[in-house]
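Data block below; observations after.
Chain naming follows the written order as A, B, C and D, and within any one chain the residues start at number 1.
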Amino acid sequence: MFKKIILLVLLIVFLFSGMVFAQVYERSETFYTSGTQWGPPSSWNPYNTGGYAMGTFGLCYESLFLYDPLTNEYIPWLANSGEWISPKVYELKIRKGVRWNDGTMFTAKDVKFTFDIAKTAAIGLSPIWNFLGSVDKVDDYTVQLKFDDPLYQELGWYIYNNPIIPEHIWASKSTEEVTSGIGENPVGTGAYMFEASDQSKMVWKKNPNWWANSALGLDPKPKYIIDLVNSSNNVALGQVIMGQYDLNNNFLPGIASIVEGGYGISTYFPDPPYMIAGNTAWLLLNLTKKPMDDVAFRQAVAHAIDVDQIVNIVYGKIVSKADPSGLLPIWDQYIDKALVQQLGFSYNPEKAKAILAGAGYKDVDSDGFVEAPDGSKIALSVVVPFGWSDWMESIKVVSRGCQAVGINLAPEYPDYPQYLDSKLNATFDMMICNDQQMSSTPWTYYDWMFQNPIADIATMQNGNYGRYDNEEAFALADELDKVKVGDIEGMKAVISKLEKIELTDLPLIPLWYNGMWSQTSNAVWTNWPSSAEDSNHYLAATWRGYWNMTGILMLCDLEPAK
Amino acid sequence: MTKPKKRINEFLYFALKNKRLRVGLSVVLFFLILALVGPLLTDYKWDDYVGPAYHPPSYEYWFGTTTFGQDVFTQFILGLKASFLVGIIGGGIGTLIGVLVGFTAGYHGGMIDEFLNMLTNIVIVIPTLAILLIISVYLKVRGVLIESIFIGFTAWPWAARAIRAQTFSLRSRDFVDLARISGIRPLKIMFTEIAPNMMSYLLMTFILQFGGAILIAATLDFIGLGPTNAISLGLMMNLAVLWGALPLGMWWWFIPPGAAIAAIVGALYLTNVGLDEVFNPKLRKL
Amino acid sequence: MKQYFTRKLFIYILTFFIAVTIDWLIPRFMPGNPVQVLLARASLHAEAAKEMYSYYTKAFGLDLPLWKQYLNFWIAIFHGDLGTSILLFPQPVIKIIMRAVPYDIFLLLPSILLSWFAGNKFGAFAARTKWLDNTILPVGYILTATPYMWLAILLGWVLAMVFPIFPLAYASSPAMIHSFSWIFIADYLWHWFLPFASLFMVMFGGWAIGMRNMIIYELEADYSHYLEALGAPRKLVRRYAFRNAILPQVTGLALQLGIIMAGALVTEVVFSYPGIGYLILGAIQNQDFFLIQGCFLFIIIEVLIANFLIDVLYIIIDPRIRIGMGGKSA
Amino acid sequence: MSLKVNNLKVYYQTLRGDVKALDGATFTIADGEIMGLAGESGCGKSTLSNSLILLKPPMRFVGGKVELDNEELPIWDMEKMNDFRFKKISTIPQYAMNAMNPIRKIGKMVSEILKSKKVDFKSTLPELKRRLDLVELSHDVLNMYPIELSGGMKQRMVMVLSTLMNPSLLMADEITSALDVSTQKAVAKMLVEFRDREFVKKLMVITHDISILYQIADSIMIMYAGKLAEKAPTSVIINSPRHPYTKLLISSLPDIGVKYSQKKLTGIPGKPPMLLIPPTGCRFRERCPVAFQKCLNEEPPFVEIKKGHFIACWKEFEKNA
């Protein structure tokens, strides 16, 4: 029996002498990535927003514009230009000479079709029809969007976040197929085409006659892009170290030490926080419950949390502390510094205690924890989903901080559905949450923060889970939506009002900026984006929605390693 | 028939003579003592941030530190404690149920046997993970105790089978028949006539259940179905993998817990064989 | 014989029924509802989310009364329809599982069978061979006492990280797409080895010990003594003892299956090996209840079939059962 | 031709030291003789029979000589003995009920045993069948598994198998104890028949049941505490025993057929000495009604006081003298 096993081993060894490195996809022309796909690739439907295979939108299907969050610029893509020819009419000039990868010409009718289909099928673009009147094709390369009451910021988000689909293929699909079909054999205008997929990977093949080659002189270097299904942290980290990924977008604990450790692994910033801030981690407070409904209490909590400990110990410095306004660094220009200076909070246990005392929170029964002014006991919990290791560590810090100032707050780790349920139905006390990714406008943030009507929060699933009810705030959020995209001053004006409300009422407490986790290897590809002067400043991320935030340009700037 | 007392002395005699038993027991005892006195050797809680992160074993951190600078030794000690708890409670419950079911089935036979057999088979086949999954969602916090009880309630089938077989062979012995004829109640017979003659067997069953419970617990903890409010050896491995201890070369984080489990359970098995050789004259080697 | 089987069959059917019912409960018991989870994954815009919610609720038939859902579940099962995955929406669960099953079969069958044969042979060999009994068996004890995942972690760490001889993860190299080329098969085996080895070793220890203890009893049994008294050579005595000792080992196999499955699960997790085990963990982490459900249903069926086969095998190799069924008795 | 046992010493190894279970036995069994061996349990009779065929730990060969048909038996050597076992010397064990491999068809088992002893099964088969007829077993048993046979059938099957090679010496250890009275008689008769048909030359029948011996044995040997007490033709032992122990033994039997070992020897206080450190002198003296000084110091030899009548007792020697 042992012989058998030994034989087996021998056999394997034999088979491998020489064969191991005989690969089907030539390493030197293949781009390995991971960090988006949480299970085997299973959908190539660009409208399956949360589930389409990595790259379906961005590599295969494309949008009218790209958006560069670091420079706050729109880059004409399938559209040459978009202009407001009248206050309510937005005219899109469509790029000529673009072909779908099945050879068919791409024209205005595809764009019109894409907008129209959002009317019948419930997809990400559908809400535009709340303020869009009609879509008219002027000629083969001109489309006009006629609005009843244009929401500029929102439109600004749609034009780079919505995949354009080919009418000649999608016209025949039923509404179900559009919203939840698998969408195999995707036909897009993009730089890559479907090559293959299996349990653990998705393979994209370069589209030899991609329009941008000639039109923009862009040429993505990798012949193949292989996206590997996410594996456990240790596997991912191990493969990063061994240079088996070119780009990895997983949250990898200890990556800092790897970057310093000289494995040829780099991140956008050479030193802390290493990563570009991708979203804000908030502490949500349930305002429908006592004592969270008390501003003073919320202020106390805000002052009680030692965010630096989370940043330094839990995350090992790969994240950074959030501005009290919670606005991401890319939106720095919108932050009203003076206001923050005046109303902002920071870690200060003494002040926290003072605030509590001042508001009548006293430790009556001297159990080390304060009671509410009305004398009732306070016993609260802060929750994150079980298994979200970094957050689980983080709320320990949060609760320790609160307990230190006398607030009885305990960490709890329910399974995700419980977490979600308590979030949607406002049964939680406090929880961590980071729903909003970076985008073209702070409006997406405030829309999320001040989502209304409160009655529909559970089904809309788009923010304001603490049930903050303030008509003024709601109105301001809508007002911001109506500010023209280019009008920075106009936006600042509204945003500073929103910040004032936010900082005084603290409906939620911004804690830290989660990174746009991105670690790159120079083993096979070089010239990665970085903060360095001489290199490009695109986003090296394969996450859904990031290819069209300059991710695709990152591919074109790569250089094969010598 | 020699007198019980003399018999016990004899057992002790062989027990002390038996190398396997000596080795096995001393290893188990070593870890048990470590688990009991260990907490005195450390003044941290398992999740306190006590020192530098990624710190290899050193004088002040015997087993090094975790990604957050938690003391691995502290986690290890408390994990050990949890493991023994699971072993005793889980193993105990498992044995108890196994004994009850096995006895009743083996003693009564017939329909009762049929039924209990069926029950046993069913419990064997049903994926306990599925049940645990459902339960776990309903318990806000899962503790070591809950886990142990759960394990106990799912791990008894093989014990039941083994004991059933034993009882079968015993119930036909004359001394049992005698008792039966003289109209003693079955339950009484079971515990006065049969049980004493199976004591050794029961003890060994318990030991095996004990070891089994520890292993199962480790598995559950590893896939995150273990305690949510305490540390355990399985959870240590889970965390180590979660935080990339392998690629970061933090061997001191994932080696001790597994090694301890292997050592303890292995020692238990060894003890078991030792006992077998002690109780079963046929196997005594001189 | 016949009524023996009918009885067995009855038990199996009952077990299946109960198991499936528990299985059905999984998504229903979970707080919150799957659709919300699904929508939460697809970060949609408010309006869209609202519409999708009602759409999916219908799609998953969650708006029906419970008893109807239960009924439909059974009907669906017999149509091989295990619902739609959330994690891998909109893929049907059955399809996902079918893609994963081969990996399990090629991993589990060899490791279980090889370790069983090797372990038994070896245990019998070691028994009553003093130096072996004292040297190798302790190792055997440590092996069976080793948590599956720990051995897997160790092997992975030593043979993939410290000395990168074998790959640390996946069932095939990232540069390969399934094909029946030699290169692929070689690559497959290369990735298969570590998971196989760790499973094999742990089980091997168990079987070896089990057989060793069994055979020692058998060697002391009356029939062994009689053979010795008749001056039968050691070989014959041992052969008889082995034949008798193997029987409980077969039952042991049936009893072990559940634990082995769990072992396979964690092993696959450690090596990111895309079998059902790995799928289950992914499903648990992403709360894909329908996938969890499907996987468990599959495990239940696998275990039941395996048990049944073992029952049959047992009847073939143990005359006592066969005759007992024939009605005759000693 | 005969079995000559000379001062055979076989001890039991225990952790506390050697138990002198068989402490110097000297006797002979002539061809054609059926010798019954009786004594309380633990007196060493099983040790004697086992040591002759299967002497293995914890039994230890200490000394003495065993000659079977003028050929010395290397009983201390497990391997060498294999040449004698089955062919020259054989046994019907106490546990005859489960002496056969439960998962082998009996016929197959027999053939495998024969093969292992380099005996051709085919040529032996007719004889085997003949003997099955003799013990009234149908030939089908060869195609059956042991559990398909009743206790008595198994018993007979083992008898046939054990004697198949016409051994010179056969030992039957407590073969009747597990059987009901009628079967006992049948089995006992068969033993005699086997002897008459010369399947076996001589037998040593160990039993609790003197009544059986009374029917079949030519001579009876009484053992006490690892020593031979008395050996004489059956009638003598039953009617005019000389050794005080034998006397008590016989007289204490209320009526033939009761298994006396189950109750204490009435009338005699005390119990057999520990054989770990046996007392000097006669081992029976503590319970012996007629014991005197000499018994205390010197151990009585086992001597032939009359033709075929051996005893070990100072008192009797004096009478003779």
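What we mean here is this: a residue touches a chain if its C-beta (ideal position, glycine included) is under 8 Å from a C-beta of that chain, and two chains touch if they have at least 3 such contacts.
Worth saying up front: this structure is predicted, and the values here are computed from it rather than measured.
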Quick one: which pair of chains has the most contacts? A-C
Central chain (by mean CA position): C
Between the Cα centroids of chain A and chain D the separation in whole angstrom comes to 92
Taking each chain's mean CA coordinate, chain B and chain C are separated, in whole Å, by 22
Note: chain C sits from chain A at a C-alpha centroid distance in Å of 39
Find the geometric centre of each of chain A and chain B from their Cα atoms only, then give the gap between the two centres in Å, rounded to an integer. 47
Going through chain D residue by residue, note those that touch at least 2 other chains and give them in order. none
Residues of chain A whose C-beta touches two or more other chains: 232, 238, 387, 415, 417-418
Can you list the residues of chain B that touch 2 or more other chains? 137, 224, 240-241, 246-247
In their complex, what parts of chain C are in touch with chain A? 30-34, 36-53, 55-56, 59, 85, 87-91, 96, 99-100, 103, 114, 117-118, 121-122, 160-161, 164, 168-179, 182-183, 185-187, 189-190, 193, 200, 269-272, 274, 282, 285-287
Residue ranges of chain C in contact with chain B within the complex: 7, 11, 14-15, 18-19, 22-23, 25-26, 29-31, 138, 141-142, 144-151, 153-154, 156-157, 161, 168, 209, 213, 216-217, 220, 251, 254-255, 258-259, 261-263, 265-266, 269-270, 280-281, 284-285, 292, 296, 299-300, 303-304, 307
Footprint of chain B on chain A - complex, ascending: 232-234, 236-238, 240-241, 252-254, 257-258, 309, 313-314, 316, 386-387, 389, 393, 396, 412-415, 417-418
Taking the complex as given, what residues does chain A use to touch chain C? 1-2, 4-5, 9, 11-12, 15-16, 19-20, 22-25, 27, 30, 32, 38-40, 42-43, 45, 48-51, 122-124, 126-127, 130, 179-182, 196, 198-201, 203, 226, 228-229, 231-232, 235, 238-239, 242, 244, 387, 415-418, 420-421, 424, 435, 437, 451, 456, 459-462
Show me the residue ranges of chain B that touch chain A in the complex, using the header's touch definition. 47, 49, 53-54, 67-69, 136-137, 140-141, 224, 228, 239-248
